[in-house]
Amino acid sequence: MLSLGQASTMVDDALRQGAALGCAPLTVAALDPGGHLLVLKRQDGSAILRPQIAQAKAWGALGMGLGSRALAERAATAPAFYTALAALSEGRVVPVPGGVLVRDSEGAVLAAVGISGDNPANDEACAVFAIEHGGFVADPGQTP
Amino acid sequence: MLSLGQASTMVDDALRQGAALGCAPLTVAALDPGGHLLVLKRQDGSAILRPQIAQAKAWGALGMGLGSRALAERAATAPAFYTALAALSEGRVVPVPGGVLVRDSEGAVLAAVGISGDNPANDEACAVFAIEHGGFVADPGQTP
Amino acid sequence: MLSLGQASTMVDDALRQGAALGCAPLTVAALDPGGHLLVLKRQDGSAILRPQIAQAKAWGALGMGLGSRALAERAATAPAFYTALAALSEGRVVPVPGGVLVRDSEGAVLAAVGISGDNPANDEACAVFAIEHGGFVADPGQTP
Amino acid sequence: MLSLGQASTMVDDALRQGAALGCAPLTVAALDPGGHLLVLKRQDGSAILRPQIAQAKAWGALGMGLGSRALAERAATAPAFYTALAALSEGRVVPVPGGVLVRDSEGAVLAAVGISGDNPANDEACAVFAIEHGGFVADPGQTP
């Protein structure tokens, strides 16, 4: 599991990367392997549902054991299943890129980072950057 | 944030405009920037789910930071995401035109107006009229 | 059932009475006999949960067919029942004075008014005033 | 409303104060006036429900317009009302000290800080310290 210090640095790095890329205001969440919040920051002007979306991207990745890009691809071909998952999980699964698993060098899941605010590709890019900058392996769910 | 007086006038203006346009009975809600109700009025004959729909149009606009017409366009191309948002938000996001952000001249969000009862274009037109009549900038989410 | 005009006047009269009595900022809701919102107004400075509380006082009165003062008395002697009702109704029953039935001269229920913001006795007094001022019979649930 | 920078500093100051006082691992949340998360940090070893409790202390304070110590006192004398509020708010009101309103010098509510992890008095003390250290007025709900 990540320490609070590591998770905080990751969140701050993601926000810094968003600013460097000229992203819209972001909300960044880091969750532990049990899906519970470690750190969340919402930038000025990031809308009020963003904290839930950022958490749900990360939670869905942990919930299914797959980065949320893979969930998005599966939702496109199995929409009824993901509609059922939305209900089953009480909304905690959002199948859109930007929920990225944090793995160690042996593949173990240490945490997940979820970002919402810009388009899904940019959200994901900021998460991947922050995870790799922290010395971990980012698993966005394929083809990043 | 709007005062109760400003929000009440906006709601009454929207109802008056609905009557002028020959709209079906409307329900009009004005929410503060945090998504909490300021004023709601339901006209005689406006059906019993209309208060929830009117609030959800406005809440969705605030939640995502976009007028609900933009949400409707996005939902058409990303249905799985909006199905997930419905669950995530416990039904408080309705991606249909008629949830209009109230902005000041510098773009800050002061409130949102949501209307339900007639077709979405007419609902939206009444909200836009009322917001502009109050001296504010109406942001319906593009192409109104 | 009340018309929108009658319900709006009642809500405005309640707010005016609150100001005359020096009450804290109030939220006032008027619901139809089916428990659905007709009118709600939240005064500047009335806290963000007040719209839910005001509605739940009125909804509980309609739900049980008793002004909410009677519900408060019963909750004191049957707490387990009212805890169960809170769950059963998904939070829509709040057993505290201030949810007042609007009856006609023959006793038929036409609406309910719920008020939150000051202490329960003052909330209730404003509701009773507004209902009687409108020419209806106020039923607060005994001993007002 | 607080900026992200101000809210982050407040959360970090509260954690630092918790360490200085020898508190158990804390979770600290800062919410905007609409009850939406700005920043949350959970210290290593702070249990998995703490993020929800910290948020609910702050949310309850905002929802009722009173620091959560006042809610705790009221809950002791009006338990049925607070049981009803728990259901009504879907669990977002926790009437225990440690949810502290952040006010400006004129009394306007800018945010709320909620802390969970140690006993309520210590949780509250860390919140009050952080808010005052940031140059704001801490309103814990009387007698701190």
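Note that the chains are named A, B, C and D in the order they appear, and that numbering of residues resets to 1 at the start of each chain.
The rule is simple: contacts are C-beta pairs under 8 Å (C-beta built on N, C-alpha and C of every residue); 3 or more make two chains touch, one makes a residue touch a chain.
Computed from a prediction, not measured in an experiment: that's the story for all the values here.
As a whole-number value, the distance joining the C-alpha centres of subunit C and subunit D reads 30 Å. Chain geometry summary: the mean Cα position of subunit A and that of subunit C are 44 Å apart.
Subunit B and subunit D have Cα centroids lying 32 Å from one another. Within subunit A, contacts with two or more other chains are made by residues 48. If the chains shown are joined wherever they touch, the resulting network has some other arrangement, not a path, ring, star or complete graph.
Every pair of chains in contact is given here: A-B, A-D, B-C, B-D, C-D.
Those residues of subunit B lying in contact with subunit C across their complex are 3-4, 8, 32, 34, 36-44, 48, 51.
Contacts from subunit A toward subunit B in the complex involve residues 45-49, 52-53, 56, 72, 75-76, 79, 82-83, 86-87, 89-96.
The part of subunit D that touches subunit B in the complex is made up of residues 32-36. The touching residues of subunit D, counted against subunit C in their complex, run 33-35, 62-66, 78-81, 83-90, 93.
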